[in-house]
Every structure is written in C-alpha cells, then in structure tokens.
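Same chain, two partners: chain A is paired with chain B first, then with chain C.
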Partner chain A sequence: MSETQKKALADYLIALADDELILGHRDSEWTGHAPILEEDIAFANLALDEIGHARLWYELAATVLGADPARFPDQQVYFRPAAQFRCLQLVELPKGDWAFSMLRQYLFDAFEQHRLAGLVQSKHKPLADAAGRIRNEELYHLRHTRAWVPRLGLGTAESQARMQAALDELWPYAQALGAPLPGELDLLPASWVPGSSSLFDVWSREVREFLKEASLAVPEVQGDVESDRTVHSEYFPTLIADLQEVARLDPEAQW
Partner chain B sequence: MVTDALKTIARPSDAQIWAALAEVPDPEMPVVNLVELGIVREIGWVEGGLVVTITPTFAACPAYEVMGTSIVECLRMLGVEHVAVQVRHEPAWTSEWISEEARQKLRAAGMAPPPHHQGDLIQVLLYPVECPHCGSTNTTLRNSFGTTPCRMIYTCDDCKEPFERFKPL
Partner chain C sequence: MMMENKKTDSQWPRFMVFQQAAEGAPVLHNGTVHAPDLEMALLNARDVFARRPEAITLWVVPAQAIYTQTREELAARQSVDQASEEQADYYVFGKFEQQAQCRQIGEVSAGSPRAAMQAALTKYADRQPLWWWVFPKAAVLISTPQDREPMFAPAREKTFKDQAEYPVVTLMRQLRSKQKPDKK
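Presenting the complex of A and B:
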C-alpha cells in the first residue's frame, strides 16, 4: 500500500467511524427518555451497535496507520479536539423529538446500507470483511426504522406534522451524504470504495419514493448545502465536551 | 531438561482444553456455553502459552471482555498459567455456528433459537417464529431489539406468553 493510499484509507475510515460514533451518541441520549419502553430498548441498542461499528472502523484505521488497535479508538473518541472530527452535521444535530431521531436514523441507515453493499465488494479485503459484518447488523436497524417511518407519517395529525417538520429540517443536511468522504477520490480508482455520488442517486430515488408513501413531502433545498466535514455545527463543541468530560478529568483512569 | 519434561507432562491435551472451554457459560445466556455458540474459534500454543481466539456475536457485544476473563480463569483451573484471549472479527460470527444442542438448550430455557438462513437474512425474517413455550407459530414481533444486541422480543398469540428470540445473523 502506498503512503498516499494509507493516508486516504485512514482518513476515509475515521470519517466513517466519526459518523457512527456521533449518531450513536445522539441515539444514546434517548436511554431512559424514549416515549415507550420498547423504543427505549431499541434506541439503546441502536446506540450500542453504532458505537460498536465506530470501534471496528477506528481499529481498522489503527492497523492502517500502524497504531495500537486496542488504544486508538479511545484516543480518537476521548482526546481528539472537536475540530479534528470528520462527521457530518446531519449526525451532530440535537436529538430533537422522537420523530426527528427516528427519521434521521432512517435517512442515515438507508444510505449506509448502500455504502456497505459497495464496500462489501471492495478490492481491499479487510474493508470488505468489516463491511460484511456491519451490514448484517444494520439490516435490523433499517427494518426497524422502515417500520416506524410510515407508521408515524400515516398515523395521527400530530405524528404526521412532527415527521414533516423533521423532514423539512433534516433534508438539506442529508444532501451532504452524497459528497465524497475524505480520501475517497484516492481510493476510487483501485475500486476500494464505492463513489458517494452514485450511491446518493440510488438512495435519493429510494427514500423519495418511500417518504411519499408515508405521506411526507420532500422539501426543495434552498441555497448551498454544507458538505465539508471540517465544518461543524454550532451544537458540536457542546456534544464533544459532554462526551469527553469524564475521560479528560482523569486520562489515566482504568475502567 | 527435567523442567521441560515437566512442562510437557503438565500441558493438557487439546481435547481437554476444548472440554474445559465447553464449561464456560455465556455471560448473558448461561444455559449455553461459548464453544457451542461458536464464539471460541481456535486454540493454539505459542512460546509464551496458549492463545484462545474468540469471535464476539455482535460487533458491539459488551460481554466479550467478561468472556475473556472467564476463559483465562477456566484454563488456569486446568493448569494452563499463561493464556492470551485474542478477538478476531473476520470471518464475522454468524448464528449458523450455533450447534443443534445449544439450540435445544435455548428453546428449553424459553428462548426461540435463530433459524438457519444460508446467508439470506432478509428472507428468513419473514418466516413465522415458533413459540418456545407452546410451539405455536401464531406469534407477533414486539421489538427487533431486546435486552442484549443479539435478541428480539415476541409474544405468542395462543399461549399469550412473551418470549425472546436469538437474532439470526
């Protein structure tokens, strides 16, 4: 592997991991607060899975960089400055109401399922292997959100209104899913990763159809969408401060 | 040397090691053990001692650190002083690795075992699920998620009992 490929792959993996980590963190905020017990359990599990997937991607990045896979994930999560994270603003947004979190999870997971299907075909075997493992677990997420989105969209006037408000807010942020990930353009020629823009086209057709059937109208996107992963939302510094507070109090603590 | 000879004598056979590992219960489902769940993949001697390779069920399974500790303790009882537990994610764990005996034990404990799926998870999730209490297939999914990452929750519409199902993966 050339130095350029190494760097590109590590950047790519860390961006994947950051998305999973931050989405998982937002999901975890529902623990003890979800509207019904079943959903409390479901969101806690979604959070656990996403954070577990983040760990797999960080570990793989560690092996690419020659770092210690046992320590690297914690270093990245607990001791990296907020400005060095490469997650999308889509996953940073506060959890909102339950409709908002459910719809975000659906939009993200529906895209991720296509990306993972592409990564399973990767010419770089470690990437294909990890994607295969994650894809099967993610099927359960998508199954869950695909059951809830129409249930809420076609439910009561209130559930429909909440879902529509969530979609109006989320849709512009979701457009950034189609932007290439860090490192992607260097990895594409060797068929190590799928191209985000073509995944986005497939995703966009699929979710538009699905949302329409759930009585939800996709809004027009006005103006430019921020897709630069080095630019974070106003909510992100607080999220990272919360996430890192305890670890930074005592970096040598044994858990 | 005498000490080497002693070491050779003291080293248990692979069969003894596997038998000992088959006594280590799953931390979250103690009716089944780590070998019959397919979590213990390999054992092998290296210069420093014994290496046991495990593959956790779900990537985020929080129980695997406890599994490692239990494995080390169990093998120490067998006289193996130096044990390293290595976690391997590839190939990914699949519920196809759960033995028939373990499936029987799960059912007897009130948990529906995962169906065989030959890799097609989407299809298999559409099939009816048998209640482990009364055998009826008139059952309803309540939650794709349960008390651990590897379980989902159903109720039986005949005997009215709730039950958990081990997720096919």
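Presenting the complex of A and C:
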C-alpha cells in the first residue's frame, strides 16, 4: 500500500466511523425517553450497534496507520478535538422529536445500505470483510426504520405533520451524503470504495419513492448545502464536550 | 345518573412472543411485547428477547388470538358442538410446570378455538399440561429463514459484560483515595 493510499484509506475510515459514532450518540440520547418501552430498548440497541460499527472502522484505521487497535478508538472518540472530527452535520443535529430521529436514521441507513453493498465488493479485502460484518446488522436497522416511516407518515394528522417537518429540516442536510468522503477520490481508481455520487443517485430515487408512499413531500433544496466535513454545526462542540467530559476527568481510568 | 365510563387505554395491543433456539429445538413462549401490528411486534420481539440469547426463529401472535384453558377449567366444562364455521389450522401449546415456559405440542384443524381445544385434548390425550393454549396459524407471524442473518446472526458475535464484571465500587474507592493524597 502506498503512503497516499494509506492516508486516504485512514481518512476515509475515520469519516465513516465518525458518522456512525455521532449518529449512535444522538440515538443513545433516547435511552429512557423513547415513546414506548419496547422502542426504547430497540433504539438503544440500534445506538449501540452504530457505536460498535464506529469502533470497527476505527480499529481498521488503526491497523492502516500502524496504531494500536485496542487504544485507537478511545483516543479518537474521547481525546480528539471537535474540529478534527469528520462527521456530516446530518448526524450532529439534536435528536429532535421521535419523527426526526426515526427519519434521520432511515435516511442514513438507506444510504449506508448502498455504500456497504459497494464496500462488500471492495478490492481491498479487510474493507470488504468489515463491511460484510456490519451489513447484516444494518439490514435489520433499515427494516426497523422502514417500518416506522409509513406508520408515522400515514398515521395521524399530528404524526404526519411531525414527519413532514422533520423531512423539511433533514432533507437539505442529507444532500451532503452524495459528496465524496475524505480520501475517496484516491481510493476509487483501484475499486477499493464505491463512489458516493453514484450511490447518492440510487439512494435519492429510492428514498423519494418511499417517502411519497408514506405521504411525505420531499422539499426543494434552496441554496448551497454544506458538504465539507471539516465544517461542523453549532451543536457539535456541545455534543463533543458531553461525550468527552467523563473520560477527560481521568484519562487513565480503567472501565 | 349515568357515568361515562369510557376506556381511554393508549397502550398498544399485547403480542405473545415465542422463540426457537436451534434447529429441532422446541418453540417456547418467551414473554410479551406491545406493538401496533404484527410486523412491529416481530421487530420488537427481536430487540427485547433475541438480541443476546441464541435464536433462529421468532413467533409473534396477538395475545387476544390465544384461547386458553386450565386443566381445572377443562375438567369442569361441557363438550362443544362442532362449530359450523370454516375449518382452520391451530397451533397447540401447553405449560407443563408452573416455572416452565409454555411449549409447542402440535397442531389441529377445527372450526373454532373451543373446538380446536377439544381436538387438541383428543389428539394429545397423553399430554397433561397445567394449561393449554390454542391459536389460529393465520394469526401468527413467524420470522423467515431469510431473517436469520440480519435478525439473529449479529448477536452470536457480540461479547457482553455481566454486571458483576464491572468493578465500579472498587474503582470509585480508588478514585476517591486518589483525590485525597495526604491519606494513605
């Protein structure tokens, strides 16, 4: 592996991991607060799965960089400055109401399903293997969120209105899913990773149709969408401060 | 004066959850979940009951679709006329000890839940459960072989710590003593 490839792959994996971590963190904020006990358990499971996937990607990045895979994930999560995270603003947004969190999870999972299908075909075997492990669980997540979207969209006037409001807010942020990940352009020629823009086209068609059937109208996107992963939302510094507070109190603590 | 006694129960309906742990293993009653419908009940059942333990198949059935009779109730009752309704297939389950899970006994065809119960008593006369459950096959949603990988495979790879493995109390003691450097 050339130095350029190494750097590109590590950047790519850390961006994937950061998306999963921050989405999982936002989802975990529902624990103890979801609308019904069963869903509380289900969504906490899902949050934990996302954080587990983040760990897998961080570990893979560690092996690429020659870092210790046992320590690297914690270093990245608990001791990295907010400005060095490479997640999308889509996953940083506060959890909102149940419709918002569920719809965000659906939009993200639907995209991820296509990306994982591409990564399973990767010419870089460790990447293909990790994607294979994650894909199973993500298939289940997608089934769960796909079950909720039409039930809320076609439910009551209130659930429909909340879903539509969530879609109006989320849709512009979701456009950033189509932007190439850090390192992606260096990894594409060797077929190590799928191209985000072509995944986005497939995703966009599929999601639009599904939302329409759930009585939800995709809004027009006005103006430019921020897709630069070095630019974070106003909510992100607080999120990272919360996430890192305890670990930073005693960096050497054994958990 | 008439009192309005309207039930305003906002709770979702209850579904019984059954689980099969391995090929050839009995289908056992595991507990209940609330859900708005069968599909959501199956998903909830997976998250509540099958995330950690082994499972290859989950069943969910609306609690109200289950017709149940205890051994005592059965002893006291009259035999049922064969109902004129259309014949349907029923699953038969029984609970054999107070502490045991309700388990699958077999299947019968009958024209009503009561007739199904009677058919079960005849067909499985050698079995003596404390109580019987019968419910129509059509009321059940069973996870498919295709569901196995996404629903149950990830649990097999997961390690999890038992609560007792977290030495929280010891750690807190150590942390507190660290904060008081003058005391040894």
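Everything that follows uses one rule, which is that the second predicted complex is superposed on the first by the 255 of 255 C-alpha atoms of A that agree within 3 Å, B and C clash if a C-alpha of one lies under 4 Å from a C-alpha of the other, contacts with A are read in each partner's own complex, and residues count from 1 in each chain.
Here is the rule we use: contacts are C-beta pairs under 8 Å (C-beta built on N, C-alpha and C of every residue); 3 or more make two chains touch, one makes a residue touch a chain.
Computed from a prediction, not measured in an experiment: that's the story for all the values here.
Undergrad: Overlaying on chain A: chain B and chain C, fit or clash?
TA: Superposition result for chain B and chain C: clash.
Undergrad: So, A:E38: does it touch chain B (first), chain C (second), both, or neither?
TA: both
Undergrad: Name the contact category of A:D49: first (chain B only), second (chain C only), both, or neither.
TA: Once the two structures are laid over each other on A, A:D49 reaches both partners.
Undergrad: State whether A:A99 touches chain B only (first), chain C only (second), both chains, or neither.
TA: It touches nothing on chain B or chain C.
Undergrad: Which partner does A:A253 reach: the first (chain B), the second (chain C), both, or neither?
TA: Once the two structures are laid over each other on A, A:A253 reaches chain C alone.
Undergrad: If you stack the two complexes on chain A, which partner ends up touching A:R133: first (chain B), second (chain C), both, or neither?
TA: both
Undergrad: Is A:H144 touching the first partner chain B, the second partner chain C, both, or neither of them?
TA: both
Undergrad: Chain B clashes with which stretch of chain C: 41-49, 113-121 or 167-175?
TA: Among 41-49, 113-121 or 167-175, only one stretch of chain C overlaps chain B, namely 41-49.
Undergrad: In the superposed arrangement, what residues of chain A touch both chain B and chain C?
TA: Residues 38, 41-42, 45, 49, 52, 133, 136-137, 139-140, 143-144 of chain A touch both chain B and chain C.
Undergrad: If you look only at chain C, which of its residues touch chain A in the complex?
TA: Residues of chain C touching chain A: 12, 33-36, 39-40, 43-44, 46-48, 51, 149-151, 153-154, 157-158, 166, 171, 175.
Undergrad: Enumerate the contact residues on chain A facing chain C in the complex.
TA: Interface residues on the chain A side: 36-39, 41-42, 45, 49, 52, 133, 136-137, 139-140, 143-144, 147, 151, 250, 253-255.
Undergrad: Would you mind writing out the residues of chain B in touch with chain A in their complex?
TA: Against chain A, chain B makes touches at 58-62, 89-92, 121-122, 125, 142-147, 149, 152-153, 167, 169.
Undergrad: For chain A, which residues are in contact with chain B within the complex?
TA: 38, 41-42, 44-46, 48-49, 51-53, 55-56, 126, 129-130, 132-134, 136-137, 139-140, 143-144
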